[in-house]
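As written, the chains take the letters A, B, C and D, and residue 1 is the first residue of each chain.
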Amino acid sequence: MVVASAPAALLTINDVSKAFPGVKALDHVTLEVRPGRVHGIVGENGAGKSTLMKILSGVYEKDSGEITFDGNVIDKVTPVESMHMGLAIIYQELNLVNTMSVGENVFLGRFAESGGRAGVHAKARALLDSIGCKVDTHKQVSELSVSDKQMVEIAKALSFDSKLIIMDEPSSSLTNDEMQKLIKIIHELKAKGIAIIYISHKLDEIFGFCDVVTVMRDGHVIDTRDVSSITRNEMISMMVGRTIENEYPPRPECAGETILEIKGISTRKLRDVKLTLRKGEILGLVGLVGSGRTELVRALFGADRVAGKSILLDGKPVEINSPKDAINLGLAMVPEDRKLQGLLLGFAVEQNISLAVLARLTKRGFIDTKGESSISDRQIKALNIKTPSGRTKIRSLSGGNQQKAILGRWLEMSPRVLILDEPTKGIDVGAKYEIYLLMKKIVEDGGSIILISSELPEVLHMSNRVNTICDGRINGEFDPAVASADEIMAKAFEFA
Amino acid sequence: GSGTATPAAPGAAGSPAAGMPTLAFIAQMQNPSQAFSWKMYQKNAAKYGFNVINLDNGGDVQKQTAAINNAVAQKVAAIAINPVDEAGYVPATTAAMSGGVVVCLSMVPPAAAAINASTCSVSVDDILGGQTAAKAIMAAFPNGATGVEIGGQAGHVAANNRHEGFSKAVAGTNIKVLDYKNPTAWDTAQAQAIANDMITKYGDKIQFIFCHWDNGATGVINALKAVNQPWANKVLIIGVDGNKTGFAQVQSWPNYISIAQNAETITSKVMEQSMKWIKKDSSAVKANIIPFDVITKDTIANFTAPEW
Amino acid sequence: MSASTQRLGGRVNSQTAINLLKSNPIFVAIAALAVVTSFVEPQFLTGENLNNIIRQFGTLIFAALGMTLVIMAGFLDLSIGGIIGLVAVVTVTLIDTVGQGPAILIGLSVGLGCGLLNSALIISSGALTQAESLFITYGMSLVYGAAALMYVQGVTQFLTYSKTSIALFDTINSGGIGFLSVSAMIFLVCLAILYVIERRTYAGRAIVLTGGNKVAARLAGIPISRSIVIIYSVSGVMAAIGAVVLVSRVTLADPTMGTPYMTQAILAVVVGGTALIGGRGSVMWTVVGTLLLILLNNCLNLLEVSTYVQYMLRGAILIMAIWLDRVKQTSVSK
Amino acid sequence: MNARIIEVSKTVLALQKAFLAIILVVLAMAVFNMIPATRSEFFSQVNLVDLLKSSSIFLILAMGETVTLIAGGVDLSIGGLMALTGVVVIQLINAGVPIPVAIALCLLLGLVVGAVNAFVSVYQRTEPFIITLGMGIVLTGIGLQLTDAHPVTATDQGFQSIANTEIFGPVPILVLVMLAVVAVVYWMLRNTSFGRNVYAVGGDYEVAKYSGINVLRTKAATYLICSLTATLGGVMLASQLNSASSIAGDNTPLYVVCAVVVGGTSVAGGIGGAIKSAIGLVLLGILTNAFSMLRIDTLVSYLPTALLGIIIVSILWLDSYGRKRKREAV
């Protein structure tokens, strides 16, 4: 099956299986990775991609099968051992110590070897410069934006003289510009003969710079092909097990009157932002990382206290001082940081889903637990969430399924205004399509959506209207049906 | 608790009467008996020619050392110390004495090894207190008896001495001590819990209970009342302190003896002797033992109950 | 604490109850202790001793029940030692001036007030981590303790010296129907209320959700601040109830009498199996934890173990109980 | 260079509250000293040296505790261990064991206790708060049993000189030992791989693990260090007092941990430092001392305890509030 010829395999995965309670995450997986190749891995959420990588890096232990890396059979490795063997990994969930500086994070666990305080910062500086990241190495990681953190992670992986670098959805929070840098880095690595495993849900990237692609589904490897020998539609149908005609549903129509009007929101970053949203409309917000999109919607939703805020709902001024106020007014928000702001990891799926409507499920102070279960069952079914049951802890679901559960949480309250901050981050094409359909259904039912996404095509295809936000100001409005992507991006780049 | 200081009379803040030497009283101020002693110091200070201040040792040797050092830094003439244990104060008071401060150990006598670590001592002898309790029991049960002992805070100097005096005095006699337990603090609830368990285990074999402090004995009485048995009412209880509760219990419980240490007498003696040592009076006495008063139904009329 | 009983929202059937019994080392520890003691000391199994144990259950169980909610929400309350002392002296000193009933009510309000003050400090400062709450309440315990000492000038207050009736306290201490004492009834009522709150109500769910992930819960509209107010108020009031029961039992009030309960209550909660990190636990488990602590004291006393050896055993058994619980949990999750 | 300045000023800012509080206390005492009625001996050399002396043992203990806290653990057995060590070292010396051997044996005892703490709480993943509390109770019990609850006094006067011999003027060896411990821990936390790993483990356990840090061993080592400083503190305390009592450490752990936290070390792990902890302890020491010099009890007895509580709460409140403001400002 492996079409790629030439260099001998650096990594051979032979017949590897891994089961978690209730899930067969990997089922007799076989795979070969060759040096100097970018090996893409695609597959729906929960296909087992991350699990496979975690087995390679020693986080999980495989149940059966054989792995050979660089001529050595790896049976049981610890993360340290795998690193020292020359296998570096950028995990899907961010993997930095928030309380430490950027420099120290890059050389985490290698402080003295890297020359102590001075050496760590100097070397980190050099590495970050080489990938075009300007963040100060003395800065504490907790103060970085998500994308800066991602760049630090990449620098960290580069800091090992690795033979194989695994990137598990590195691009999910990078901007275009940073993505270009990453692609450049990948090409450089490749030229040095380093193998790269690149996991992504963005098929453009697979076709853009991967040499080989493996498609996984439900713990199986469906096929491994040279990228040049596969078409986009073929790949999609291999992933989801059926053909999808379009990646995006037709754009919903919108003709409603204004429902929400932001007369002005000012914070340290935002400068008197004004915004209107019509009934049944999907409004896209496009901006660079750090432009203030998240800050804007958080302020709107009452998640952050802000100095100046004036909001009209149905033409009437409303006070939103907490998320609870917002929810009571029919607003909903899917936050950008799933793990920190969305999930209650130690709780069951059903309790995660019922969260936003809990007050509604409460009669005279008591929770209707039957109602709670039926709600969650309904959402699990409607959103096709892969989970053994509603009682399963959400911790054990794959990233995409966790995201769907959070969406379900908000859909249950039939929001009038749904704010989606990077809703499809880390979500497979199939599920993405479902989410798009859901968005369509919401607006058709009379709800409105504010959509923030770093994936421009997504915004362009789904929105009725796009506002660009630049350095804390709204600086442009476009009709995505007519405006080109370049036009919009140019505006988003334009600094005042 | 922290090291704290107070000048003599309330209201005399910061204006110590000119020329009067200062005496620092160092004790654990959360302990009601020691808080009462402090009142007695304040009451009689003028009479003995002292300004008195008070420093809390918080029941901790390190804080006690800090308090002694604090007192020395404040240039006191005398220190009266009610120590946390029998030994921990020694280096600090020795240093204080070498700086010319008179150190008077109050309540407890110095241990043999610490005899030079204080200028003088004014004490009830807790060993004697234990013996007194034993004698009272022997007198009440000439034909022998069995009972239990509930000690004070484990490791506390008074508890150790009372236990030592008591167990030595009953050794070899027809008085049998079935059990001895200490609480982790001078805590009535714990004394009561221990009494409960002992009553459960030994039942009417308990003819006497020696409890190291009157407030703890309140718990003992509660425990005895709770079993609601005729034998329980006959139990002889011996408490130490002779405070208001002790007096009340002598009157209310059928058979109660309180071994009293008179705080006013002791504190007055401390000030009297300290002043003599400051003035290098030839009549100064190094070891002053204040006898216990034994308060029983028969003798109670001879004493007035203190107000704590 | 098998995976199935960790689920919130009730529906614990008899099967899981049996599993719980089988797999819970705390139960095993208690059972072993009781068996050994009853062999060595027949007095252990007498009704009298059971009564005795129930009585000793008193204050600790109230303090621990309140602490359970606090810990489930991912916070800690070290101020209960101070609150117990303060409530005790306030209640006893007020009997003569306002009468026994109002005195108790005022005592309970003091507990409530302290709890509200704690929550106000925590909310206003945004001290949302367990550690922050731990030290703020530790500081407050010094304040409450000192307030109690100042209020009575360090002097022990005696219930029996009251000039007016203290019948209510006597009833709390020794009254009862059949074998059920009044304090046991108060306990059962409190337990029932807290259990229902914890399992069935919005407020209870909000509390565990707060312990699960404060940020996510808040963004989903769960009122975190209200949970904080509730847990500290409940903790303050439960400590105050404990103080009243304590006063009734030992017939005196000492400003420092609450000190031992500060760590004891946390121990009882955690020994019961409620996770110190929040988000998992139950008041029912706390009853078990408290039982273990009380039985430990009772059994060691009955077995004539010396005070000093008791210290060692108490510490060692605590370590073992928690360790075994952990070992069991890892084997379950594997 | 700029970054360095920012880093340094950030450190100073982080120290701010406790540090500012110290400055305020000192200023207040200076002002009071200008008023005859409130003049005190606060600034006398005797008092300042005393202040150092009486904080020294707490400081030694606090250094180990700081390391454990930064790694995300906590050790409440230090009081029991300190007391037991004092008892054991004196009993050994009185039994004729040479002093250095006795001290070495005690350090060994500390390692054993630390190893048990580490094994149960780190390797078995239990709650250190409770485990070490239990361990403290065990150790107190052993001390009580060894001494029958009586204090023990060293017969060899040489032992006393270890802590008390004055070298630089009135400054005794004890203070130098304390300074050495602070310096070593400061250096270790800042400049060694182990030290930085401690921060990583406390900052994010999982991340540290996946980054190849031996998290278990690192965390376990912090318990050994904490036990070692507690043992050292116990030996120094016994030497300072020439005696030891098995109940000496009762209130020590909470006091030390509280002071460390007031200094700015986070109990959640990942944040803190030797100097911060030292400042926290010095602050509580200075406060107690100042209250005592000012005789605040004159106004209302027991007021100092209340004030101490209020000041602790205020500093922590301000600290949390500052973090909240920072969160909200983003």
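Criterion: a residue touches a chain if its C-beta (ideal position, glycine included) is under 8 Å from a C-beta of that chain, and two chains touch if they have at least 3 such contacts.
Quick caveat: nothing in here was measured; it's all calculated off a predicted structure.
**Q** Count the C-beta contact pairs for A-D and for C-D, then tell me which is higher.
**A** Looking at contacts between chains, C-D has the larger number.
**Q** Please work out the Cα centroid separation of chain A and chain D, and write it as a whole number of Å.
**A** 44
**Q** Just give me the whole-number Å value for how far the CA centre of chain A lies from that of chain B.
**A** 71
**Q** So the centre of each chain is just the mean of its C-alpha atoms; given that, what is the distance between chain C and chain D in Å?
**A** Roughly 30 Å, centre to centre.
**Q** What whole-number Å value describes the gap between the mean CA coordinates of chain B and chain D?
**A** Taking the mean C-alpha position of each chain, the two centres sit 32 Å apart.
**Q** Could you pull out the residues of chain C that touch at least 2 other chains?
**A** Touching at least two other chains: 149, 153-154, 306-308, 311.
**Q** Mind pulling the chain B residues that touch 2 or more other chains?
**A** As it turns out, chain B has residues touching two or more other chains at 29, 35, 154, 182.
**Q** Hey, what residues on chain D touch two or more of the other chains?
**A** Residues 144, 149, 301-303, 305, 308.
**Q** What's the complete list of touching chain pairs for this entry?
**A** Those chain pairs which touch are A-C, A-D, B-C, B-D, C-D.
**Q** Under the stated contact criterion, what part of chain C meets chain D in this complex?
**A** Result: residues 121, 124-132, 134-136, 138-143, 145-147, 149-150, 153-154, 263, 266-267, 270-271, 275-276, 306-316, 318-319, 322-323, 326-327, 330 of chain C touch chain D.
**Q** Could you list, by residue number, the parts of chain D that touch chain B in their complex?
**A** 37-38, 40-41, 44, 46-47, 50, 53-54, 57-58, 144, 149-153, 160, 164, 237, 240-248, 250-252, 285, 287-289, 291-299, 301-305, 308
**Q** Which bits of chain B are touching chain D when the two form their complex?
**A** Per the stated touch rule, the residues are 1-7, 10, 12-15, 29, 35, 38, 53-56, 58-63, 65-67, 69-70, 72-75, 84-92, 111, 113-114, 153-157, 159-160, 182.
**Q** Quick one: in the complex, what on chain C touches chain A?
**A** 7-11, 200-203, 205-206, 209, 212-213, 215-223, 279-280
**Q** Using the touch rule from the top, collect the residues of chain D that touch chain C in their complex.
**A** 120, 124-127, 129-131, 133-142, 144-145, 148-149, 254, 258, 261-262, 266-268, 300-303, 305-306, 308-313, 316-321, 323-324, 327
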